[in-house]
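By written order: A, B and C. Residues from 1 in each chain.
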């Protein structure tokens, strides 16, 4: 038996505070916008099956209980008690929490309290820029305030994160954007943010454009704390093509000497490329993120693929969970079981020694994250 | 044991009527044009080995009989008796048949009779356009006749199909082509078709160009019946790059609200992306098509990969078979065995319940196809 | 048990003559340039673990001995005795050696003597061009000498090789470059080579540019002996995107009738596409090269993937080893074990017959290489 506890979850979100009906719960199991196709349900996915396998026992039900029965039990216990039982049963002892999602989700302190765990904040660069824009009058003051805000955030946060890899590949150019471009992009953001205060204004395209995202990435890299970049398929509909981490190749080359680490999040189905980049760039790391929670019974197969090229000191566990504490549980449990099965299999075949397998399990589960994010053990 | 019968084969072709010599039979096992390399044979492929595993017993021989012995037995029985024994041993009870391939292949009615099964027609859009062009004099009348023909075909066919994804990626632009482009492309098709009637004219490039294919796709989508798009590697030599279903991302976005379903055929080796698209778009479905028949002993591994992201209500079985009834057999048998092994393994590990596995097997084998194509069960 | 001996290693390099310290040895286990990240070691990779599994027993130690202990034993024996024991324990009886790497590596004759094996030379086109440039005065004489040198080399070498696929995708255009381009590129190479003779000149970008590489490829293809093209991820940092063998599609189409074979080296993680190309083009072959040595305990899984689409007469074993005889050992041992496990598994399931499995193992291990390179058996 390979020992994988305790776990540091290097990237996740908070959970919904409200009580959830069956339909809302189901919508958090999917990756698209909108409702499932007629005649289908999002419970009929690897994620849905994994939730029904791992979570009912933590609430006193049989594994594979029906969705209706599970939701009834959840209501019986209430959202807070459900969250407590699930998080405490996950095996995660430290949460690094991206607080940049919209919606009424719990923050790091609440996750820590519910889960009897530690929690630290990951700052989302796009959101930080929007907040600074909302309180800045001119382009000059905005850019000055932004640099100060990034520097300040680096003092308390454990990492920065950006979803730009999914949206603006030009933000990943192998050099910082020029001052003219940055000024123009800053001006545009100020315009849309200030207009956006008027009621009825559209809420889309309110975020920073490519040149400003590029500026944020290079600012973040100069702060010294790690930068996490989303690198797999988008959760929503668009831009699947833009998420290929091989596009990050030039960015990784260009940022090698800056002293900050770059962590590629959620590489699936490009995880072999993410592993390749982690293998050739000393400052690049990779995780599988929600790939395991998304692929359920296949978690071991997917984990084994990323273990092909990635050096074992360059891989980090994360659940990538959002909104439902069930997703923290399945991320963690699927990871622990998959890692134990894959490494245990290699020990049985004689390919790895048992001592090496235990050591590597400890690195991926927690040790690498403690080293990269400077956490105490 | 997971029960997967009966099967609805949601995409296949008819079979050759003539008796086949060893060389001709071998050529239907390959994916390229021309002959195999000197010193090699196409029987030495996963498909060749799968045919030798599954088909000889249906004709009264041992599994893994030599090609020469198998072909001798085939000649002994004659093509029609061979076809009958093979199709009736396949486990397929409903065939959806793309009748748009050149050559003297059997049609749906003959497949149904030989296989003691039901059969329905899939109409290939490119061929429909060519037929209409051959009987239309002017661009105006051609385009009018084409709209009528698509509407008419939707009344009897179960689906439309197009191979354009393999050839013209511009046909997959996220909007219908403009009238000027469509008129120009229609004029070009009329020209080449009418010239083509002269004996000796080249037969290549006689098909509709990108703008006309785009027009056909949007016409088909307005008809209400499903549209099947080829999305994997071309069977022939060219355009491997163009077949990436991630390129279909924008097309899927743009067609989400039209009410017609889009089925991605044959995604291998891009099947994980096809599964992703089926997961984020309610109107998008995926199959593995001939990937299983092409990968033989690896069918289970490939099937498991598509089961990572695709919701279980969005996957459809097909054999993708053409020309040889042996290919219907190996498509079906490999699928049944692979599905049983993969889902059965997950039940044994405790990842899935047995009841869920049986239900999902029924959906992928037949239930999803019955729902999507409006077939009676 | 599947019998895979003896092995023809169709692509490898020589080994370092000098005694190696722990740090230098470790650096040859990695794929990147510089040092590993702080707190990590390149021994913590699949390659590092595979070396520690397979090599210590050949030097009289336990499997999985520590790096320090292994290096101490290596020093005790000395570099030549270490090389002899390792190569003779590898199971390789014929080495095809790319002699075009910089550094003081052993040549084919020394590998043959140390390994009690045969060895033949593979000529690297880029290096050949540089040598000819160094002794040619004018563009005209250079191009004439180059054609003569390629023709001459084809008389003694078993194959040509080029790394251009990793650097210059325009060199893979589906037609020979025009004379004007070739002349200009030849002039540039002469300039940089002659300048390069001055001490202190930079050594980067001294190689032939895209048009000259294209010219070399077509020259090589006219020589009749096989041309090996690098087709996977670069070992260094740059250009991961350019290595996709799907980009080779048009090149393969265009070179189909020339009579020379094209061998795609090292396709991982694009090995399924390389296998596809080998399946549709009679003159295209594929190997897995160092993918097995790089993925260690996963070698069987990776090998199984390339066995999906590639005809069994079109796959060739190679170790891709360089610098360390340990890499010849792990390339060969991982291949033998993986092949035996994968094919043996298929025999156990009834998917393949035992006789077919043995025959295919012999083809991939040695028979295909003997046929393609015209080696005596």
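By our rule, contacts are C-beta pairs under 8 Å (C-beta built on N, C-alpha and C of every residue); 3 or more make two chains touch, one makes a residue touch a chain.
For each chain, UniProt lists the protein as follows: A, B, C = Amidohydrolase.
On a predicted model such as this, the values are computed, not experimentally measured, just so you know.
Of all residue numbers seen at the chain A-chain C contact, under half occur in both copies; the interface is built from largely non-matching residues.
These two copies of the sequence, chain A and chain B, are related by a rotation of 120 degrees on CA atoms, to the nearest 5.
Chain centres here are Cα averages; for chain A and chain C they lie 38 Å apart.
Residues of chain B in contact with two or more other chains: none.
Those residues of chain C that touch chain B in the complex are listed here as 246-247, 249-250, 252-253, 256, 261, 272-273, 276-277, 279-283, 304-305, 307-309, 311-314, 346, 349-353, 355-356, 360, 363, 371.
On the side of chain B, the complex with chain C involves touching residues 30-37, 39-42, 44-46, 49-50, 53, 63-64, 233, 235-241, 268-269, 294-298, 301-302.
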